[in-house]
Amino acid sequence: MTETKKQLIGNLKVGSEVETQVLVVEANLANYSSPNRAGEQFWRLVLGDISGTIRGIIWDVDILEEPLKEGDILYVKGDVSEYHGLQIVIREARKLDPDRINRRLFQPVSKRDIPGMLKELKEIITNHVDDPFLLKLLRDFFSDRDFVKKFAGSPAAKTIHHNYIGGLLEHTLEVVSFCLKFKEMYPDQIRADLLVTGAILHDVGKIEEYDAESFNFEMTDKGKLIGHICLGKEMLNERISAIEGFPPSLKLELEHIILSHHGQREWGSPEIPKTIHAFAVFYADLLSARLNQFVSVMQKNAFAESDWSEWDRYLDRSIYLKKS
Amino acid sequence: MTETKKQLIGNLKVGSEVETQVLVVEANLANYSSPNRAGEQFWRLVLGDISGTIRGIIWDVDILEEPLKEGDILYVKGDVSEYHGLQIVIREARKLDPDRINRRLFQPVSKRDIPGMLKELKEIITNHVDDPFLLKLLRDFFSDRDFVKKFAGSPAAKTIHHNYIGGLLEHTLEVVSFCLKFKEMYPDQIRADLLVTGAILHDVGKIEEYDAESFNFEMTDKGKLIGHICLGKEMLNERISAIEGFPPSLKLELEHIILSHHGQREWGSPEIPKTIHAFAVFYADLLSARLNQFVSVMQKNAFAESDWSEWDRYLDRSIYLKKS
Amino acid sequence: MTETKKQLIGNLKVGSEVETQVLVVEANLANYSSPNRAGEQFWRLVLGDISGTIRGIIWDVDILEEPLKEGDILYVKGDVSEYHGLQIVIREARKLDPDRINRRLFQPVSKRDIPGMLKELKEIITNHVDDPFLLKLLRDFFSDRDFVKKFAGSPAAKTIHHNYIGGLLEHTLEVVSFCLKFKEMYPDQIRADLLVTGAILHDVGKIEEYDAESFNFEMTDKGKLIGHICLGKEMLNERISAIEGFPPSLKLELEHIILSHHGQREWGSPEIPKTIHAFAVFYADLLSARLNQFVSVMQKNAFAESDWSEWDRYLDRSIYLKKS
Amino acid sequence: MTETKKQLIGNLKVGSEVETQVLVVEANLANYSSPNRAGEQFWRLVLGDISGTIRGIIWDVDILEEPLKEGDILYVKGDVSEYHGLQIVIREARKLDPDRINRRLFQPVSKRDIPGMLKELKEIITNHVDDPFLLKLLRDFFSDRDFVKKFAGSPAAKTIHHNYIGGLLEHTLEVVSFCLKFKEMYPDQIRADLLVTGAILHDVGKIEEYDAESFNFEMTDKGKLIGHICLGKEMLNERISAIEGFPPSLKLELEHIILSHHGQREWGSPEIPKTIHAFAVFYADLLSARLNQFVSVMQKNAFAESDWSEWDRYLDRSIYLKKS
Amino acid sequence: MTETKKQLIGNLKVGSEVETQVLVVEANLANYSSPNRAGEQFWRLVLGDISGTIRGIIWDVDILEEPLKEGDILYVKGDVSEYHGLQIVIREARKLDPDRINRRLFQPVSKRDIPGMLKELKEIITNHVDDPFLLKLLRDFFSDRDFVKKFAGSPAAKTIHHNYIGGLLEHTLEVVSFCLKFKEMYPDQIRADLLVTGAILHDVGKIEEYDAESFNFEMTDKGKLIGHICLGKEMLNERISAIEGFPPSLKLELEHIILSHHGQREWGSPEIPKTIHAFAVFYADLLSARLNQFVSVMQKNAFAESDWSEWDRYLDRSIYLKKS
Amino acid sequence: MTETKKQLIGNLKVGSEVETQVLVVEANLANYSSPNRAGEQFWRLVLGDISGTIRGIIWDVDILEEPLKEGDILYVKGDVSEYHGLQIVIREARKLDPDRINRRLFQPVSKRDIPGMLKELKEIITNHVDDPFLLKLLRDFFSDRDFVKKFAGSPAAKTIHHNYIGGLLEHTLEVVSFCLKFKEMYPDQIRADLLVTGAILHDVGKIEEYDAESFNFEMTDKGKLIGHICLGKEMLNERISAIEGFPPSLKLELEHIILSHHGQREWGSPEIPKTIHAFAVFYADLLSARLNQFVSVMQKNAFAESDWSEWDRYLDRSIYLKKS
């Protein structure tokens, strides 16, 4: 890990000196307007970390060895002043190697413990999945270290719900948990091992939908052109084709669960749920996402003075925060 | 109880004699077409019980003391013949007193035990509702015998889900059960006593929406002109106004839960859910209704030969029944 | 009434001195950017009255005894300068008691005479409502001074139509007037007393939907969580329950008129109009609102040079103003 | 007029003889099924008049001189029997000349007096239209006997509202009447002569949309391919081009009123109303149509026993008929 | 091929004898209604071939060796009579082996020559696809006899367009032809080899969506649960994974073309077209389908007497057939 | 032509002198904020030409003889400086006569040769239109110099597709070209002369929809109140009424093509296409517009660094630009 110091942007104050790491959120070269510097340029920046964003200025472009671009991580040294809000006037700056950075300073992360969640997931598999083919399929996924690393490090969405590292894992556990509840209610119609397997795998395509390297959960080209639903089905097909004798009927059920888990065509599923297992995963997914989304708005407004939250465009409403 | 025998319509066979009780589903006086009986009339009927419907004919109108109308319960005696399907040619018929009938022969009923469900509901109240005002409110409802009788005898819907006696109670318990699950997931944001109270009361208006006397769960005039959402709020307001000192903020939360529990305006809620408790009840209600609806289609097609169910117009799909 | 002078914001000019009352529309504490005042703050304000808004600056926070907040009414003294448009540099300021303010300086008001409109409403009641129960109900409402004060002081909407003091009264008279026209056309199908009563009461819930104290017609918590439709039904139910022998069929008709007067579920009515009286009130309401909305856009653009109004987002169009 | 007798279909009874005029609503040649008549045919008919429809049978095709087709008017003689409802077994039949038929026996007609309505329309023109060009335009239309005959004989719609002879005239007067009401409310924004002219002419295209000869208000090819909105504009353009000096600005306003009077694109208007006059005609048209539609359902169900009408697919509801 | 004679159903006449092959479209066992045969049963059938359908009766169930079911092909002998339309009273019947049947008697087939179309397709590949990987991919598909047989024997849809054997091939050629037209218009933006490859492969999944054995183009379970879009992608992935060094960027483009070719999510595409090649295939597909659909309705009504076609529910209109 | 020099805005650099012609895109009089110039004003402008826009300042309003307004063309002389981007500080300015300006400096123009396109159109008429009435109709249009000038100088749309001079002509040729392709595919159902005539005339109304004088393709009042669809029909009707004996059936077909060419009511067509010719023109129009729109976004982003275009609000997507 790089050992430069880290001051959180949210804690900066006018008049203080600053020396920290920052993510370059926006970078523009601007022209000096004063006649005596005509033709010369400076950097107008927006800088960020997990605690917020701030504007930055580099008056002297020559302090940098190479041009800046969005997504760079910088070490900077300078002073905090005020100009339509706070800004850092930067005196020293250099690019840092992204692989030697503590990502948690720049990306939000689940409040739940990631290894603990992985353990919980494995116990669920052990307790609920007896069918040898389903069990083999899940073990093939979860004994693949590269897969597990990506799965555990992925958010469940870019902005709407579970949008933090570990979010995919946390969301998956919630979906499984709702599914087990449904199994309890309708034991005769639902097959636990199949439902749990579908619930665990429904969103695996997300690990290829978001760019693991990006500090901003950017979508990959594949994510935009194929989407996690079909990427997930492709991953499933590859694993299944490596398991001899995997029953075609189980393959069909699992493919259908993944394809239909958005519930409606206009929400991106090419088919709607036509089995009880697909129907159950769809509703469990919806529920986990929507509750997390509502509670996130509550948390974001927890210290606001108003009884009403800011308008939330995903929920399309302002929510009432007053405790009765 | 009337002691006349009951043969289920679904069991009748061509050529057999029949003596049973039936519900008059349709009743039309028709004109004889043969010239020798010009001017005379006969009854063309559709008769039903819980097992299905059958056509009926009364060639001699004089065997009845008074005209028939839909909703009557008859004792009939006759022979089963075939004419575009089965029909009963009725030789003897007389009206029965609906109050002396075993309704279960004519109305479907929950598979769960009704007193048992009531007991479960009361235990939930005891275990989860501490607030004295909420407790008093629930006890006022559930110590009112007339209310309890109607609540326990009501369906949750006419056709779509939980459409049987006890259905409202069964549905209510499911909604409460999902709500307790949500509370587990978000203990800091959710207040159990308020959520449980809202879940229990969200559909109370349904006892005035369906006609308790009707064998066919007909909607009342109030049901069609006011709807169970606003009827429920009116019932709530009446009970609350009888409790001195009931906190206005709790009243507001409960009213909002009832009003918004359909989640969207186009689904009949005049306001959308703007509190976590209202949001939770909406999703719990949706989930209970939708799963029950899907499973009902599975059960209805359980003995069909095809791997696919009949088209279901409420789910807008045919469902895949094959076990993998 | 406070006797400080009032200069309308719309009349202010650069370079002049100003001494007047203003409403605080926005209030932000900003940080000085000049190094010699580092750590000090000043007020950046938006100030308003019925004639428009203007920016305001208070460089010296100490001239105020307590912090400002939105909704305050201030007495201010200062100079009008220009900085991206006009602004007042405030030298003296103090809060005023909102109850001692002439609200008409801050809130738009109907062009029609309010007592005159109330008189007209009472004559309509006398001329068209014979039924003793309906008459009693209306008299109970309109002999309650507190109700009448709120009813006469309320707008019919926050932004779209009749959005001024007296607007609700003006709108109500228009709805009644259309209803009487319908009665003329369909005398056999429509009952005048019922229709007039429904028309008068259809929007009573609005007096609890908007905050009477707020200078900006803010919605109350009840307004946002219950809505004027259900608030209106609740007010109706309370008045009716105090009238012995009020016929249930009339109660049902009036409740239905109030609930269904938005005409469609997606427009906020939990039920659609199913009686001729409810259907008539819905269309009278729609007509009054829509015409007022269109004419308001015409008036707002009356002195514009263009033949076309600005785009109006509620009408979703620009309107053609040229006289032929 | 043909002097054959007329018995209304709605009054026929089993066993009676019948001799009357009927409209052929459906005509099918059917094959005898009995082996001894193999290869022979008979007519299966549906016959109608203003009071309803009845099935008809002509066993001997030779009693007719030429084949039947839908839309023919027949003189028939026969007997009323019953076979899945009433039917006439026809012994004698011959085609009648449609021009010598009393159309009122076959087409519904406005309850209002047609010459009286025309007179009222002319008085409105005299009282409200001063502008010489608008006056000339209206007089050109209404002094054209052929136009007036068609206008007075046309329905305003095929099935939904004012669907009877004189319906277009009746509807036009209602639209004018609402428009005058709007003028009263907004005298400064509305110009009476223009609005009245637009209201009178808004639906003139309907005289080419429905086939005047058809007993069933069939749409013409033009009606289906061009529609009354654009046909009306074409008729307007032709009349205006014959008036020297007609102001282009008035032409534009009138064209816009006709084109936009359905209010929204999805309702068939290529442009939405962008002038107060077009906006007013749209709402007056909507109101006249919708109230007539609702009241028609009431009238059709006036003698029904139920408190609720049959489901009406145009209103998409069943309506509550009980008088309170 | 079975050598029994074939008389087309559309040519049958009352009174004639019939001896032919028929498809069992519906099969129901019915009960005799006459008391003397109480308990006995007979077959009520609907029979079909490419020329239409007819009802059939088998009074004596014992003439069959095994029960009938939908989809069977029968040899039948009997007489044509009339009973609510024509029906065959069957005296002799036996099941035929579906594999020995001339399918063209039961399934419609393209008017274009299938080998000729295949040849055309191969020439297009030769002329327009230079890239070695794309060429290899196409050759792998089209040198696989089993694939070619299915591809050439498949319809493009069950009911809406190109719904006949060879329809998929005919449709594919039309899509390619439109695509080449687009390439002509936008040579700089479009890459011919990629576009042609995408056009040829866009619907390959249809060979697994429809059941090749079924006489009625029934959908397979995979067709209903996965859909031809994702089945097509799976087939593509399998072929590509067998080609060493296939460029990932070409794979991505082709996958995107297949996934997005329905153009919108609500039409079943999980992603919308985001490359010019995917956009072009979407519009070429739409155009081919829609024109074929419109022309089919014209052909079906070619000999009708009316100037207007029957209502077509897929086009949601009746079309004007008159030649000008 | 005015002989003042033209420097393209897109080429201006900080610090250089400028002397050129510019279009006034926005013009605002602003107040000086410095106390010593209180009450004085200056011009804040946005100036444009075909290469882009730039801000402009005129400190001394007296250098102009008359006030500026949007749409003016100015000769200006001044210096380019930087203030939140580039701006011209103008020292000299005078209005130019718009008729003496080279419009191509201010309006984009088709890349195809306009006379060449006109010639192509005439050859198409000669080659494909035999019917004497259709031929006469087209010749009447295209021998009218005023019409041809407007037709050739018009864009096909303001912003979405073919939004440049000559765009209407280019679009018309594309539509004709697609139509000829359709004729090839369905020679028996399509009549070439009628289809080609409809394709050529489908958008003629656009020459009255856009203001030929405006540098910004502003819509005319007629364009906004009537729309090009009905304006086109009016132009057609006028031409046809001048041709003796023009067959009504051809008139009806052509009117229907023009009216229905937007395909759906919500897209502005008062009727949907009900003939094969109207259906074909609708799809040809859609295709030409949509492909042009997609390719325009590609061209606009041709030199961008990103693999993805900016979000395009008309296509409602960002497009993938990477070449594979």
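Think of it as A, B, C, D, E and F in the order they're written, each chain with its own count starting at 1.
The rule is short, and it goes like this: contacts are C-beta pairs under 8 Å (C-beta built on N, C-alpha and C of every residue); 3 or more make two chains touch, one makes a residue touch a chain.
Here the structure is a predicted model, which means the values were calculated and not measured.
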Each chain counted as touching subunit C and subunit F at once: A, D
Taking each chain's C-alpha mean as its centre, the one farthest from subunit C: E
Label of the chain whose CA centroid is most distant from the centroid of subunit A: D
Gap in Å, rounded to a whole number, between the CA centres of subunit F and subunit B: 62
Geometric centre distance via CA averages, subunit F-subunit D, whole Å: 44
Set of subunit B residues in contact with two or more other chains: 221, 224-225, 252, 256, 274-275, 318, 320, 322
Touch relationships between chains, expressed as pairs: A-B, A-C, A-E, A-F, B-C, B-D, B-E, C-D, C-F, D-E, D-F, E-F
Residues of subunit D that touch subunit E when the two form their complex: 30-33, 35, 38-39, 221, 224-225
Of all residues in subunit D, those that touch subunit C in their complex: 174, 177-178, 181-182, 185-186, 189, 191, 194, 247, 249-250, 252-253, 256, 272, 274-276, 279-280, 283, 286-287, 290-291, 294-295, 298, 317-320, 322-324
Residue ranges of subunit C in contact with subunit F within the complex: 14-15, 81-83, 86, 307-308, 318, 320, 322
Complex contact set, residues of subunit E against subunit A: 221-222, 224-227, 229-230, 233-234, 237, 252, 255-256, 259, 265-271, 274-275
